[in-house]
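In the two complexes that follow, chain A is the common piece, with chain B as its partner first and chain C second.
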Partner chain A sequence: MIKYIIKRILIVFIVLWMVATLTFFTVHVTPGDTANAIIVSVYGEDAVSPETLENVRAKFDLKRPVFTQYTDWLGNVVTGELGTSYKYNKPVIDILKIRLPNTLILGFSAFLISLIISIPFGILSALNHNRPIDHFSRFSTLLLSSFPSFWIALLLIIIFSIQLKVLPVSGMAGFTSIILPAVTLSIGMTAVTTRMLRSSMLDVLGQDYITVARAKGLEDNQVIFGHALRNAIPPIITVIGLQIGHIIGGAVIIENIFAWPGIGGLLIDSINTKDLPMIEGCVLIIAFGYAIVNLIVDITYSCIDPRIKYSGGDN
Partner chain B sequence: MKLKVKGFLLLMVMGLGLTLFAGCSGANAKTADGEKVLTIAFPSTVTTLDVSNGDGATMLKEVAGVIETLVSVDSDFILHPSLAKEWERTGETTWVFKLRDDVTFHDGTKFNAEAVKWCIERSLVENTSLAKTTGIASVDVIDDYTVQFNTSVNTGDLPEALTNVGTAIVAKSSVNDKGEFVTAVGTGYFKQDSFDVSSGKFECVPYDKYWQKVDSNVTRRVVLSLSDSSTRSLSAQNGEVDIATDVPFSDLETLSNKDGVNVEKFNTARTYFFSYNLNKDYLKDVNVRKALIYAVNKKDIVNDLLLGVGSVPKGIFLETMPWANTNVDTYEYDAQKAGSLLDAAGVKDTDGDGFRDYNGQKISMNIITSSRRPGNSLIVQAVAGYFANLGIEANVQVLDGNAFTEAQKSGNFDMVLSSAATGYVPSASYYLSTYYHSGSSNAKQINYSNPELDKLVDACKATSNMEEKYTLSKQAQVLAQNDVAVYTIANYGAVFVLSDDVENFSYSAAVHDFIVPNETSLK
Partner chain C sequence: MSVLLEIKDLNVSFTVDDKQVHILNNVSLEINKNEVLAVIGETGCGKSVTGSAILHLLPDNAIVTGDILFKGKDITKMNEQEFRQLRGQAIASVPQSPSTSLNPLMHVGNQVAECVLENNSSEDDKKKTVAKVHEIFASLGLPRGEDFYQNYPCELSGGMCQRVLIAMGVITHPELLIVDEPTKAVDWALRKDVVDVFCELKNEMKCAMLFITHDIAAAKYVADRIAVMYCGEVVEIGPTDSVINQPLHPYTKGLIASMPSKGFKVMNGFMPSFQDLPKGCRFSDRCECTSDICINNEPEIVEIAEGHFAKCSIYKNLNVSELFKHAATS
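And then the complex of A and B:
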């Protein structure tokens, strides 16, 4: 087990290096002059001139060959230095320290909402196979997962903020401001998890040991929660791990719409301004989070289902 | 197997109800704790309060009213003393400014010549564009309340340049020991109360030792960084913000019909303008350029496409600018004349395919623009349509900021639609020297040069005699408009969504973005 974890951690670092390298060169091959982007974002588009472009190139040392910039940057990352943001003119790590907790709060809230809704709905749907609540559950999850998240965001804003005036449109000020972004972000995940749990539960409920448990006279609750749900959970854990990626990807859009000050919005802003150190910082954090969550998922697997053993990285 | 479906649904409904209740109880209140809170949506994300940063300085000076410049400019583009009482040009490259002696910074320290020298010289280092914009090379302290500005070029525009947000004065205590800008300690009517760097939310309260009398009942200003235009619109509809600008054109009708908010349109000093690429042979003929302008119905573009947000230009500058020359040819829509001019210039359909040719080659124009401004893509598509009616094929490319810059640099275009602030420095020469002068990057890119125009613009920039300045500028505008290498197609409009509660708000085109006057109050 320990050997497996060490091996996975090494793979995490290799993944991070590959992601960072790919991001670095992708940003460099995209059209556009970095110096121009910095001037527009920091001083405004009216400040662009040959002189200011030269000044900015000199200030941020942008005239170095791309490969030299890459090796310099990589050397700094290894020592824990993510560089200085062109736009913020502050260390990237300082900005990430401020923004990351906000994204974690949003992501965790969305995750929680998703579980609170999907677990009961998935179980109810399976237990009421082909009855009205099952049809409702399947139809509603299909419907909600079909809509793009930005559209759902605007719809929720119009209903709850504009018409009912019970929730704020944007910002991060107190409990109420997280409701709409978290609900929006959770919808796609809720739909997938509900459908997966329903399917997994149906599969388990048809197993012989469930019939035996019932024949032994166990109560419904004991059968459902003690036997069926426990065995239906492992596939859901995998899906939840993968859904973390959905949450991070969704946060990029949702944070922008709701003006939620997390790293999703920061990443968009950094891409628009070609703030390479900040883009790299955001991407590394996101990739690291994704890799770690999936590592945890794999480890959790063995705890939930002891039949699963790790050997040489396969399960 | 009995199912507790009803119980489950009941729990869900209760949860939703609790959530909504929590929402209601947390609703925003403009008069919380007896305060009159004016909330303003700022259309960019403020990441720092450093006055060397464009967004930070613009928000602090124009929207929050925390920092001030030595010179101010009113809505008629006339200069007024602000932190400086008076000024005088003492040489081709020297200016002396007398400062007010009754001003204190928000930390209680005196505003004086040393503070001006420290702040301007710091901004020159931190803001790489400031030296170019203002021409300032250094600042000398003459006495406690007198400074001398030394410029690197012969410029008569220094007082105008000193209205720019980048020259706002802050106290030394704004910066910590490491040289990092930590707090905006200015001289304005409002002083900083808090800044959340994470969200860009800024709050300020009135400064009781402000040097001017201000009549306003606002006890707090809150500036929210809302970079998404739809979010600004929705926040205004919801009453979360009292003042919002640059909302999507598509929302105007909804907003106009909404109770509790007013939609107001103003003309800004920003313009949408075309630059022709004179490296293209057929565009070297001035009559071809004129024909292409005659072919475009400017009124329809402003009224139908921009939904009245903007105006039809009467020249290069907004007519309210004192140096604007409106006695210039504006090439009003005349499709027939456009056709005749093209025929006379030899741009004709020679092979009967329905498209005009030049030297036996079909003309296929490439019109590029940036996606940054809301009207850009609408205008270029309409213009391509007008050209098609004229028998000229035109392809349109709407590019994001960086790709747009690269496309401009590559020279692979026939026409480019840009947007610029003609009053970025509110002087008669600034815009002409930045976009029309042969030394400007715009003129170089399109290979435009008119030595007579250059001479007039240089003279206009050098003189500090306003009458002479305006006369020279007006002469230069005639030449520029006759050359039509750069042509203003529409004046950029600004839409403001104001809460019914807002009083004493007035718009001024003479600022970089938009200004919320100190006197703005709430009912």
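And then the complex of A and C:
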């Protein structure tokens, strides 16, 4: 098991290096002058002149060959130094430290809401297969997962902020301000998890060992929670893992609509201003989140399912 | 001997695509206390459906009529809550397919222990149950000790899984054990071991068994009486020696003749589909002695010798001496 974890951690670092390298060169091949973008974003169009451009290039050492910039940057990253943001003129790590918790708070609130709704609904839907509650669950999850999140966000703002005036439209001030973005973000996740849990439970409920559990005279609760749910959970963990990765990546649209100061908004902003150290910082955090969550998912999987442990943990 | 389980005119249909498919047709059986009744027949003839009907484990689309009396009480009239007191306790089962019948994510020891433990069992009860599980494992030739208790099914061989399933069936000391195809998923070498285990159980535990199998040799070895099923009907039932050595129904004769030790003569044709059954005798299109009566009329079950019944029109109009003569010459 320890060997397996070490192997996976090494893979995480390789993934991070590949993602960072790809991002670095992708940003460099995109059209537009970095110095020009920095001046426009900080001082406005009028400040652009050959002199200011030259100053900015000198300040951020942009004249070096691209490959040298890459090796210098990579050397710094290895030592934990992510560089200084061109736009904010502050260390990238300091800005991430402020923005990341906001994204995590929003993401995990949405994640919690989705679990609270999807687990009971998924189970109920499977246990009442082809009955009204199952039809309702399938229809509503299909409907909700089909709506684009920006449309749901606007609908919720119109109802709860403009008409009823019970929740703030945007920003991050107090507990109430997280409700609308978290609910919006959770809707898609809830729909996917409910449908996955339903189909996974249906599959498990048809297995021989469930009939055997009933034949033992066990109570329904023991059959459902002790046998069926336990076997239905592993595929759900994969989906949940991907969703957590998505959360860490920052729900870009939701953060922008609700002006939530998280990683997603920061990344979009940095791309617009060609703020390379900031882009790299955001991408590294997102990639690290995905990789770590996937690692945790794989380890959890092998802890829950002994068959995976015995096949070497590669499944 | 007193009757433990009595099945009277059991009919089971399944609703498929708004149509009713009639599977079990007036199945009537009796199992006495401490008696092993083997139910034999081809795959798909309704043996396991009979077992599942007794255990109330048929799917929701099943329609069950007829009576199943356990110690005189009709269990078909019991609600799920009442029947749960019997299921797994007085009436237990050993399922088929050891590879799929054990929960893959649960220690095998716990799977056996939960047959006895209640939700609110005390720590003391739990300890006693664990000790009992170890004892049963040892008595079934499985390793004793915590290591084996904490194995997952994927860590065991097919034969070991089969024995764990047997342990699950017998830990509650049931009065009736429904054993469903215990030799189906085990190889030739293990088959004898498994049959031996049931013989030991029969002698030591003194519980009655409904031994569902397509393995005639195993049935011969374990059972006191044999019921032969074909296409959802009991076509012959009688003492083991009598059924094996003097089969009456043409289907039983065909089955016996197809045994490797009896010449390996394969029967003609296949069992008809339950959705397209012959009008008269269900075996008529494969039978070598078919007549017009067989094609047009459903035969009645007739007692040919003491306790030996056959459902065949050949025997309907014969007097007693002719019956014996026919049975002896055939």
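The working rule: the second predicted complex is superposed on the first by the 306 of 315 C-alpha atoms of A that agree within 3 Å, B and C clash if a C-alpha of one lies under 4 Å from a C-alpha of the other, contacts with A are read in each partner's own complex, and residues count from 1 in each chain.
Note that a residue touches a chain if its C-beta (ideal position, glycine included) is under 8 Å from a C-beta of that chain, and two chains touch if they have at least 3 such contacts.
Computed from a predicted structure; not experimentally measured.
Aligning the two structures on chain A places chain B and chain C next to each other without any clash.
Using the contact criterion defined above for the overlaid structures, shared-chain residue A:215 touches chain C, although it does not reach chain B. Chain A has more of its residues touched by B than by the other of chain B and chain C. In the superposition on chain A, contact of A:194 is made with neither chain B nor chain C. In the superposed model, A:207 makes contact with chain C only, not with chain B. Of the two partner chains placed around the shared chain by superposition, neither chain B nor chain C is touched by A:118.
Once chain A of one complex is fitted onto chain A of the other, the partner contacts of A:137 are absent, as it touches neither chain B nor chain C.
Our summary of the superposed model lists a minimum C-alpha distance of 9 Å between chain B and chain C. Shared interface residues of chain A (contacting chain B in one complex, chain C in the other): none. For chain C in complex with chain A, the residues that touch the partner chain are 55, 57, 84-89, 92-93, 95, 97, 100-106, 114-115, 119, 152, 154-155, 165, 168.
Here chain A touches chain C in the complex through residues 207-209, 211-219, 222, 226-227, 230-231, 304-307, 310, going by the rule given at the top.
Against chain B, the residues of chain A that register as touching in their complex are 30-33, 36-37, 39-40, 42-52, 55-56, 59, 87-90, 98-99, 102, 116-117, 120, 124, 127-128, 133, 154, 157-158, 160-162, 164-176, 179, 220, 256-259, 261, 265, 269, 272, 274. Interface residues of chain B facing chain A in the complex, by the touch rule stated above, are 1-3, 5, 8, 12, 15, 19-20, 22-24, 26-28, 45, 47-48, 50, 53-55, 58, 127-129, 131-133, 166, 180, 196-201, 224-228, 230-231, 234-235, 237-240, 372, 400-403, 405-407, 409, 419-421, 424, 434, 440-441, 512.
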